[in-house]
Amino acid sequence: MNPANYLVLAAVIFTIGAVGVLVRRNAIVVFMCIELMLNAANLTLVTFSRLRGSLDGQVIAFFVMVVAAAEVVVGLAIIVTIFRTRRSASVDDANLLKY
Amino acid sequence: MTYTAASGLFAATWLLLLFPLVGAALLLLGGKALDRAGYQFATLMPIASFVLAVVLFFHLKSQPTSGRAVDDHLYSWIAVGGFHVSAGLLLDPLSMIFVLLITGVGSLIHIYSIGYMAHDPGRRRFFGYLNLFVAAMLLLVLADSYLGLYVGWEGVGLASYLLIAFWQYKPAAGTAAKKAFVMNRVGDVGLSLAIMLMFATLDKVDYAGVFGGVHHIGHADLTAIALLLLLGACGKSGQVPLQGWLPDAMEGPTPVSALIHAATMVTAGVYLIARSAPIFDLAPEARLVVTIVGAVTLLFGAAVGCAYDDIKKVLAYSTVSQIGYMFLAVGLGPAGYAIAIIHLVAHGFFKATMFLGAGSVMHAMDDQVDMRRFGGLRSVMPVTFATFLMGYLAIIGFPLWSGFWTKDKIIEASFDKGGTSGYILGICALLGAGVTAFYMTRLMILTFFGKRRWTEGVHPHESPVSMTAPMIVLAIGSAVGGFLLILNGGVQHWLTPVLGKSAEEGVHTVNGTVLTIITLLVVAGGMSGAYVAFGRPTVRIPWTPPQAGAVVTAARRNLYGDAFNEAVFMRPGQYLTRFLVFVDGRGVDGAVGGLAALVGGTSGRMRRAQNGFVRSYALSMSLGAVALVGALLLVRFG
Amino acid sequence: MIAAAGVAAAVPGQITTPVIDYRQLSPLLIVFGAALLGVLVEAFAPAAARRLTQILLAGTGFVAAFVMVVVNHSFRGLVASRAVAVDGPALFLDGTILLLALGSLLLLADRSGGNADALVADPAALPGTQEASALLASTDTVTEAFPLMSFSVGGMMLFSQSNSLLTMFVALEVLSLPLYLMAGLARRRRLLSQEAALKYFLLGAFSSAFFLYGLAMIYGFAGSVELGDIFNAAANTSKDDTFLFLGMALLLVGLLFKIGAAPFQAWTPDVYQGSPTPVTAFMSAGTKVAAFGALLRVFYVGFGDIRWDWRPIMWVVSIATMVVGAVLAITQQDIKRMLAYSSIAHAGFILVGFTATNAQGLAGTMFYLLTYGFTTIGAFAIVGLVRDGNGEATHLSQWAGLGRRAPFQAAAFAFFLLALAGIPLTSGFMAKFYVFQAAINGGAAGLVVVGVITSAITAFFYARVIVLMFFAEPVADGPVVAEASGYAAGAVGLGLAVTLVLGIVPASVMTLAHNAAVFVR
Amino acid sequence: MTAASVAAVAAAAPITHTRPGESAVFYLLGAVAIVAALGVVFAKNAVHAALALVGVLFTFAVFYAMQDAPFLAAVQIIVYAGAILMLFLFVLMLVGVDSSDSLVETLRGHRIATGVFGLSFVVIMVGAIGHAITHASAVGLTSANAVAGGNVQSLARLIFTTYFWPFEVISALLIVAAVGAMVLAHRERTDRPSQPELMRERYRREDLVSALGHSAPGVFALGDSAARPALLPGGAEDLDSVYPELGGSAHGSSAPQESTP
């Protein structure tokens, strides 16, 4: 197997995540799909790290995990707030702002 | 090309601008405290500028011819790397004439407005805007670079916009202001692109640099610059196809119509082309376009002027038409620049006279503008009548009045252009003179002669002195101005350093005397046509304009003897006029309106895409991402 | 540099401490330090004293950081293990961001027309309940917003001066997360505000995922995420550069999202409308500067050698952005939304300068960002003052006849609109002229034509608002214009002063931008 | 890249093919990962989606381990699956597990456009990546890891030298996250009345005054406790005001009361 095949897998997962963002309505699931995309990017980084023989990719992936953690905290806080107000976590329900 | 640096008295050139600017700032920012006395102060400002301008004029005149272009450098406006524009003022014979005209006529109109706006609650604001306008207009003509000119250009646009919409309670005023704004923006696009193009080709936008480097610009670029400048000029001067806003702009107070839409701002386009003479000299194709625009506009304006009953609208179309004459003249190149400027100055006088006269009439008639409801005002308002008469005789080119000296020159120069185009242009100009005589005579007859057709409860009276005095001054100007201007070829010689030597007294295509006689005959024809149609004692002017059917009925009843006349001359003329009015209203406005509607409609439709759903937004982003990736890969592998 | 430290420290397990250039990093350190102190203030200061302390702390931080930017003005180089670039554009944009942050801080602290500011008293209170309505008049406020803002400012500064894509990614998050939070803190219209926060967050996270994936691709291409290495790798044509192009496109998604360029502009109007007005001002001014700083740096430094490949794409993006912004603004009925679309159109105009890809374009872009930032802060300051019983009166119909109710405020707003329209004697004109000029010199005359035409269109809807304010009858129960407090008056005054001065005597600042327009690599 | 790393790269023989074991695991877990990712997207119940995400995270951890990234594999499981996903599940529970999505699409044309996007994006990306990696070979991390004596050590060295600045800045991010969660979720009750205020309020309400036919316990007493008897107008303690269970006297007052009937 070509060691770069991981990249193809990552691209597929990234696309699945992006599609998930577009089709799901539950904000939390949408957010999980974004996590899928971040993970796909991480897999790409780790693979490139191995292909290029430098550890920078792994370091970056590590940073991404920390960033993702912070983002999750903020994101979930926002989602919980809006859920408490609307009793709904559907992103489609939040469309007062338009046109 | 270089200009002498300003020293001595010339270093005070910037004060010309400062006076009205201070007035505007004080009145607009000063608040209610200045409601009482502010307007008097504001009136003093253009007068101060005028006095200074006269002093500067004589000082300039005392200089040797080569030293008559003085550059008053103010400060370094933009200076980065290879990008230098200085803010400066250029006082030369051309700008001097404009400064005198603007401050002179401007002062008179300020004085007139004291009476006219005496009871308006927004008087302070009005005078503030007037001052602002004068300042911007002075900057327009005094700037020493295209960028500075552009600043003034936008400034007068803004001031004119504020003044047109001044009577905010009139919905038409708002619409007219908006229309003026939009059409002017179309012109501004042309001007700003022209400036950008100059910079791109020459790295300079100041007059000295641009005119010094025109020879290095490729012909195509030069023509493009000239045509873009023309587009700008058309927008500001109400030339076809951007003429639509000017008649509508009459919704503003009458002094505004006089100041902006007759005497000064609308001539900015002529100034722009004359100022850009070195560019146009090298772009004959562009000049041809200028003449065509001028000829079409002069006929168009004159023809449409025959159709309206609104006294200010008629005067507005006559303005469009007269500026068409000036465009025609400047389009002729060195032969015509000076003539155009002379006509411009003369026009400033007589058109201001007539607008102020119209304002005086409206003032007396409770703001009535329909000429069908005037009539017989001659005896009630003798001063207004007398001054208006001066303006009238001037515009139709009655012998010895100013139009006679200036308009004839343009007709002559058009024929002198030579070739078929010369004949076509000349005949157009000649025809225009006849139509002008027709509609202006009609206006005179309907307003001042005949029976009184006033609406109930109107008691016309002569206007106060503050209004009549400026009218008298201007009327004198209209009467003798033309002659003074061409006396000894004074203005032409004066302008030669700026505009080049005009082909004076060369070989004429048509003998001068013969042409004068022909012109007079055409004018007389127009006058008598109007008399026959409206002036004879038997003619009854109905309150409502006759419809197509009504014309026939009216003709059956009153005009049996003129059946031939009507069939041959009146009816086709009426149809043509009606067609042109249609084109003016639906065609051009329709095009502009249609464009606006198209943009608006697109906007309304595109707006629906902003549907408030986060997932739709994410979808558009995703598709954008695909497009970006695809496009870049295409660049890479394509 | 991957193994640089390793070579130096021969003994495994030992690390040579990296050099920390405190002086060059001091603006960032000061701003982050102020933010940290702000968090401590939240924890330990008594409730009554917090607000003023926070304002002073943040303000002092911004001023001190600005002073340090000025002190460092002549420094050029890469610091913090080459993670941060300190060069002309970085210093210029840092200074701009700090000044804009100061203006936004004034708005955030503003309590015109009462004791309540624009931020909610208790974000957790349920909208619509009695408690929430009782809180409307409360003098309480989310004082945490001030440290959050400082964090965001730090992120913005770092975003525009990151020399490595990783630093840029972290900075992107540092600048964004506080903004997501702050978008949801409006005192009134809580539902709209929360919705804005949710939308901004989801779309922002979505776009940063693209950015990250792009980063990964670039890393795969160059083996490093440092811009200089990327430049070298891109210049070395023997490599297969598929990953470079993939990465460039994906990075663009993230950057253009932050800028608000089409087709990634959809969030802008919704978020601008829903957020508290001071926050809207802050994000429209600050984020734009930071995001353009980052875009310029990545594309001029990292991808500078292959500019002929990405330029055509940026042409299209720029045109689309100008057209979408200008055309859609025409039919807007809400003043904040209209300003949002106007900000999209301006993003397009700035992209014209960016697409010029010459030094003049760089300088023009920086100058434009400065002028636009101050004008927009001033405009939003006025928007925040116009109120009715339900808070800010942002519907356009309510602005009818405002010129008679509040002549000065209306005149100031009109002036800002004229500046946005690019009328001469305002900074907006000079800025537009500068970038368009650069674009013509850079061979993008077509863009300029579109730019001039679209700015004529934009002038139309700005004029519409002016007409409405001055030439329309006031509505019967129209909004009142709150008496501006010192803070709001300061913000408006700052906006007016900069807009006017840079319109009349722009030379000095232009020269500053011109001299600063060189990146270090 | 510096000379040192270039040298290191040159030293190691490039890997053009993975070991057969790795290939097998890759194809197996790759399929699992895709299925699980699809599960995240299409599971009707949000909790199922979360569990599917756990599956993806675990397969990724294995991939990291296989690609010489043992540290990341551990972090992936501990931080991602352990902490981040728990946060997700926690919020899901808070929001209500039963709030499952309806799978009917309400936006017109959305699903088709999404399909177009998904297909075109995956085709372009996979196509481009496939094109680029046809002849890819991996340098491998043996030499890079060896620099500081192991994967974790080398990572640490990088983090604390080359990447120290983003590392520092990330602390700001974590603080923002903590502050943000507090701002949105924490309710500070600054308006809660104090104990004495409550007591005064209680006494002001007349019905309480006579609840026992006496002053309420604690009222006018020397302390707030219900066990301290009220004071009579003369200053003596009114033992009847305290419940017997708390040490007061039984019913039947010994002293006349002035309280209103």
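We call the chains A, B, C and D, going by the order they appear; numbering starts again at 1 in every chain.
Convention: a residue touches a chain if its C-beta (ideal position, glycine included) is under 8 Å from a C-beta of that chain, and two chains touch if they have at least 3 such contacts.
Since this is a predicted model, take the numbers as computed values, not measurements.
Two chain pairs, A-B and C-D, are weighed by contacting C-beta pairs, with C-D ahead.
Subunit A and subunit B have Cα centroids separated by 63 Å. The centroid of the Cα atoms in subunit C and the matching centroid in subunit D are 30 Å apart. The geometric centre of subunit B is 71 Å away from that of subunit D, both derived from CA atoms. Averaged C-alpha coordinates put the centre of subunit B at 44 Å from the centre of subunit C. Subunit D has residues 1, 5, 8, 107, 110, 114, 117, 121, 125, 128-129, 144, 154, 158, 162-163, 166, 170, 173, 176-177, 180, 183-185 in contact with two or more other chains. Residue positions of subunit A with contacts to 2 or more other chains are 7, 14, 17-18, 21-23, 25, 31, 42, 47, 51-52, 54-56, 59, 63, 67, 70-71, 74, 77-79, 81, 91-92, 94-98.
Of all residues in subunit B, those touching 2 or more other chains are 607, 610-616, 618-619, 622-623, 625, 629, 633, listed in ascending order. Taken as a contact graph, with one node per protein chain and an edge wherever two chains touch, the assembly is complete, since every chain touches every other chain. Listing the residues of subunit A that touch subunit D in their complex gives 1-9, 11-20, 22-26, 28-29, 31-33, 35-36, 39, 42-43, 46-47, 49-56, 58-59, 61-63, 65-74, 76-81, 83, 88-90, 92.
Taken in their complex, subunit A has these residues touching subunit B: 18, 21-23, 25, 91-92, 94-99. Interface of subunit D with subunit B (complex): residues 107, 110, 113-114, 116-117, 120-121, 124-125, 128. Interface of subunit B with subunit D (complex): residues 611, 613, 615-616, 619, 622-623, 625-626, 629-630, 633.
Residues of subunit C that touch subunit B in their complex: 198-199, 202-203, 206-207, 210, 241-242, 245-246, 248-250, 252-253, 256-257, 262-264, 266-267, 269-270, 309-310, 312-313, 316, 324, 327-331, 359-360, 363, 407, 411, 418, 423-425, 429-430, 433-434, 436-437, 440-441, 445, 448-449, 452-453, 456-457, 459-460, 463-464, 467, 470-473, 505-507, 510-511, 513-514.
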